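You will see subunit A twice below: alongside subunit B first, and alongside subunit C after that.
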Partner chain A sequence: MTDITKQPENSTKKQGYWAGVARDGKKMGFWFILPTFLLLLFIVIFPLFMQLYLSVTWWTPLEGIPWYRAWEVFSWGDNYVFQFTDERVWGALWRTIIIMVIAVPAQFFLGMSLAYLFMDNFPGRKIFYSLMLTPMMIVPAVVGLMFYLLFQGTGPVNAHLGLPVTFSWLTDVNRAMISVIIADVWQWTPLMFLILLAGMLGVPSDQLMAAKLLGGSNWQNFLKIILPRMKAVIAIALVLRAVECFKIFDLVYIMTKGGPGVQTETISVFLYKMTFGEFEWSYVAALGLTILFVLSIIAAKGLAYIAKKDG
Partner chain B sequence: MSSIQINNVTKRFGDFTAVEDLSLDIKEGEFVALLGPSGCGKTTTMNMIAGIEDISEGSILFDGQDLSSTRIQDRNIGFVFQNYAIFTHLSVYKNLSYGLEVKKIDKSDIDTRVRAMADRMSITHRLEQPASSLSVNEMQKLAIGRSAIVEPRIFLLDEPLSNLDAGFRAYMRAELKVLQHEFGQTMIYVTHDQIEAMSLADKIAIIDQGKLMQYGSPLDIYNSPDNRFVANFIGSPRMNLIDGKLREEKSQLKLMVHGGAEIPLKGQVKSNFTSDGSVQSGSFGIRPQDIYFGDKRSSNDIEMKGIVDVLERVGPKRIAHLQVSETNFIAFDDQDQLKLGEKVSFFLPSEKSMAFDEVSGRRSGVI
Partner chain C sequence: MKVSPSAMALKYFFVLFASAIVLYPLVWMITMSFKPYPEWTTVAGLTWLPKNPTLQNFEFIFFGEAKGLVVSLDRTIAGPFIASLVTSVCGTLLAVVAGTLSSYACVRFGLAKTLPLSVLQLRLFPPLAVMIPVMVMWAFLGAVDTWWGLSLIYGIVTLPFAFWLMKTFFDEVPIEIEDAARVAGCSYWRVFYRITLPIVKPGLATCALFVFILNWSDYLLALLLTQKDWVTLPVYMATLTSAMGGQMYGMKAALGVIAAIPPVVFGLMIQKHLVRGLTFGALKQ
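After this line comes the complex of A and B, so read on.
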């Protein structure tokens, strides 16, 4: 009898992925994904090269030259050089990072505390669980509008503070930043909570009980058993939120429009304004590529860290 | 080291009563096995002793002291989980040192104690390796060592041998006995395996459906089971338990078995059946090894005639299934003297036979 699970020996001659595809009759699958693949090629790869092309010119849509003739206003790497000396870029970057380094850790600690709380089976847990997740489900633009209304000079926040002075939350630089951070923390803590809770529930409960029986206090067991076991999940949650937070746009644009002046502009708001306000498309293209490059490196490092921890 | 008193403990999960009115008195340094079929409430009892589960009613006293309001962390109870609950993200060393580190004991002191314990459990060569790389047998040793190192007041083991391969299980059974002697600890051991319980424990508590069936030394339980459940549960092969109705014919009391066989009752077992006065029906119990063939040894022994139905070889002996009418008796054929299909006489020694009340299951005729 022949063993049908055994491959004929000559099949090992051809190696590699594509040989495998041909041998195992996966060709049909390839044809299935081809249309999607082509579409993706058109909406991702093509614009990327178009952006790369425009970024080395002075081209703007206002001068009447079609984009493919942008080489006529070729600028070498001037856009790339200029972005490093542009104070508006540095300012926007600085503010984006400030929002990120305050909002993401805040979301992390709140999410972690809530996750720990939800490990217990307290009465009403399910209802609170659903309520907890609602902010995440709301469209960011609506959240922006909600907090815009809340932080109005004559809005509920000032009314509830009940102080003799009325704060102008959204037109003062520092207070506007605080307002945006509060809105972002409100909206995205639930996501952090959800990811961290999933990770925490993955810690075997008998190991936790064993640690307790050995005399470890809740805090010691949290630090020595729960946290180390959640490393990968924590890394994923932090990378995810950091990258998302770096792109923060809706909240800022709706609450302050980057104002007063340019004082609460983040990278995304700045890019938007340069694109549709000042039509500096080649400059935006160069800046966009730089950000993509930097973020890719950070994310890759983060993911490599996760892979190392898991392996 | 502590003595433990379990007083009328009841545990309910909603409408379900897992443990009912259970009382046990465990002396200092004793090795007690909680034995029963799966789902009988033995693990729940263990969890209540450890403080993992709350007690619905009753109390558990350690040296006369109620710990129900003490945090689990401060109870100082050693617990070996069925699946060991090894901290797989830590090294073997860190697993052993965990219970000491959390108590903020001096580093060099920890090191000495960890190395001594690793040496005792013969896992020294594994100390620096991740605990996840251990074999099941080594994990078992690590789990015991990790609990023992903090010198708990009592030691609880939840089916610790059930995941091991047969050879290592026998080794570990002997090892546990040695360890218990060395530690001088009060140990409570949950198992569904009667051989483990018999060979390890000073005392066995047999539990069924949340109720204590019998509590006593292994030999006690084996030789004089309190009730039909214990008689049926302990012993391998099982005791012959024949149900029937009592009837008096020509001044001879007989047990009329439902399958059609008749057991004439004599001597000790007869007085046992009649001691309660109004017993109408009951179970007749006799262990397979007490049934004998050949010549009658005592005038009170009961003679039966049956057909050899099945012969199973277990080592040098054979287990014989003897068919009397439609009732099956199991006996040992020591010298390969029986033949299949043969009609034989066999004897049930009356002083070794037991009588059980059919309704309550209680053994009659014993005080």
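After this line comes the complex of A and C, so read on.
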């Protein structure tokens, strides 16, 4: 093979370095990877060190000194010590987890039920399918706006439920959280539906047919045939949603700005407020690194678990 | 398979119920954008369809003022719309080009075995946890509130999606085709450019649309890295009240409708590949 390629009629007119690259797989691969590699280097390696550096100082952009002179306000590990006793951090973490453990299972059950409805064909299935997918394609900020409008005291939700205009959702201590969760479920159930349906349709139909002929009820078939064959898909869907849910920001920030008080302040909203409201950049850097560290450990453990199960 | 009429009726009941829930907020926002001020709230009674349909809201955001409105707007939708478009397109180009090239190198030449997982990791963390150094860097480079600064970050954060999506498309190209071309004397570059790329062209288009939707949908990054000149549509929409004081539901709804249209249209266009894109190629439909 290499002999043929070396024949002169096959070489392009271009000579020099690039012609050589085009004929050398490894070399070309190197140039192909270079942009991605540089981008990663640019966004991961350098910022990571900068974050580590800033996190052990008191530096803020209001300090009046450039970031590289942040050592002048060195703080040792105070930011790291402080974050563990900061009630706002724990509160934000707690609320984020609450949203996760309510919204993600809700999305899962609703998505699964919907997917089951869409398993076999029925007239109009295509249109309804597209309609079901629409919420997740809408810009999250716009979804935030939609539910902001719905949950106004003078909005349609109160009118439909027969509640007075003084009945507030977004400014109420308990109901603000419920509103946010409803909005998140509305937007992301379609994602669950989409993924779970793909998994469901991947179940071999002859197995299902056989089970049906043997007289299994629909519920039995679902539990014994469909569900066990969807394990991987379910895992993917849950992990995807859990990861995204942990980052939740747009919806919350547009609907409630984390309020009333700190009632809907999630990790991301808290970090945002610390970044722009209070300009505690070195503290955010420390907290961010801690989050990075913890999430990496969880991810590594998860991957190891999956690898063990597969192997 | 025969389904009993009652089962069918039940199915339609549930499907229609779900559709109603999906449509409820959507319809409220869309009709809101055509409603004049008195109908924005339910104080004067709940109306789904505007009683006095008007284009006032759209007029207002496009021209900064509208007939019958005393308030005016210091900036219209034009700037944010162009900002959204330019940064999304440039970010998409960057992500798709870098992602396509590197995933091809990973698939065909077996280079950089750890790259797939390391780009995936980029998606794991809340962006806000890692944005401090990025903001410092952007300020240092003079990239804050510029089109290229925002495009650059868009390209980087959507790179994992582009990489994994293109990887699945390249995985599907039979290596025999490429080998045949190699035997016929094509250089690696020619094989890639003349053979493989045309084969994955539909995949490339899907990937570009998918990444464009992600970039267009961003709110947080634009909030952090723009101030005035390159504020994007979602940020502009969210700040519309605070700039003016008072409630501007109708105008916000009009903005929301405009911002929502492109991703929905593109999303429905690439419906078939959504599963693949959203699960980083772990699942195909």
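Just so it is clear, the second predicted complex is superposed on the first by the 269 of 311 C-alpha atoms of A that agree within 3 Å, B and C clash if a C-alpha of one lies under 4 Å from a C-alpha of the other, contacts with A are read in each partner's own complex, and residues count from 1 in each chain.
Throughout what follows, a contact is a pair of C-beta atoms (placed from the backbone, for glycine too) under 8 Å apart; a residue touches a chain by one contact, two chains touch by 3 or more.
Because the structure is predicted, anything quoted here is derived from the model rather than measured.
Partners subunit B and subunit C fit side by side in the overlay (superposition on subunit A). Using the contact criterion defined above for the overlaid structures, shared-chain residue A:K224 touches subunit B, although it does not reach subunit C.
Applying the stated contact rule after C-alpha superposition, one finds that A:V294 touches neither subunit B nor subunit C. In the superposed model, A:D206 makes contact with subunit B only, not with subunit C.
Contacts of A:A198 after superposition: subunit C is touched, whereas subunit B is not reached.
Look at A:G216: by the touch rule set out above, it reaches subunit B but stays clear of subunit C. Contacts of A:A304 after superposition: neither subunit B nor subunit C is touched. Look at A:V101: by the touch rule set out above, it reaches neither subunit B nor subunit C. Of the two partner chains, subunit C is the only one touched by A:N158; subunit B is not. With both complexes superposed, C is the one of subunit B and subunit C in contact with more subunit A residues. Once you line the two complexes up on chain A, you'll see the smallest CA to CA distance from subunit B to subunit C is 5 Å.
No residue of subunit A contacts both subunit B in one complex and subunit C in the other. Residue ranges on subunit C touching subunit A, taken from their complex, read 1, 3, 8, 11-12, 14-15, 18-19, 21-26, 28-29, 32, 41-43, 46, 97-99, 101-102, 104-106, 108-109, 111-112, 115, 118-119, 121-137, 139-140, 155-156, 159, 163, 182-183, 185-190, 192, 213, 216-217, 219-220, 223-224, 233-235, 237-238, 249, 252-253, 256, 259-260, 263-264, 266-268, 271, 274-275, 278-279, 282-285. Interface residues of subunit A facing subunit B in the complex, by the touch rule stated above, are 204, 206-207, 209-217, 220, 224-225, 228-229. Across the interface of their complex, subunit C is touched by residues 1, 4-5, 7, 9-12, 19, 21-26, 28-30, 32-33, 35-37, 39-40, 42-44, 46-48, 50-51, 54, 61, 67, 113-114, 117, 120, 122, 128, 130-147, 149-150, 152, 154-156, 158-160, 165, 186, 191, 194-195, 198-199, 201, 233, 236-237, 240, 243, 246-247, 249-250, 253-254, 267-268, 271-272, 275, 281, 284-285, 287-289, 291-292, 295-296, 299 of subunit A. Put simply, subunit B touches subunit A in their complex at residues 50, 52, 72-79, 81, 83, 85-90, 98-99, 102-103, 146-147, 150.
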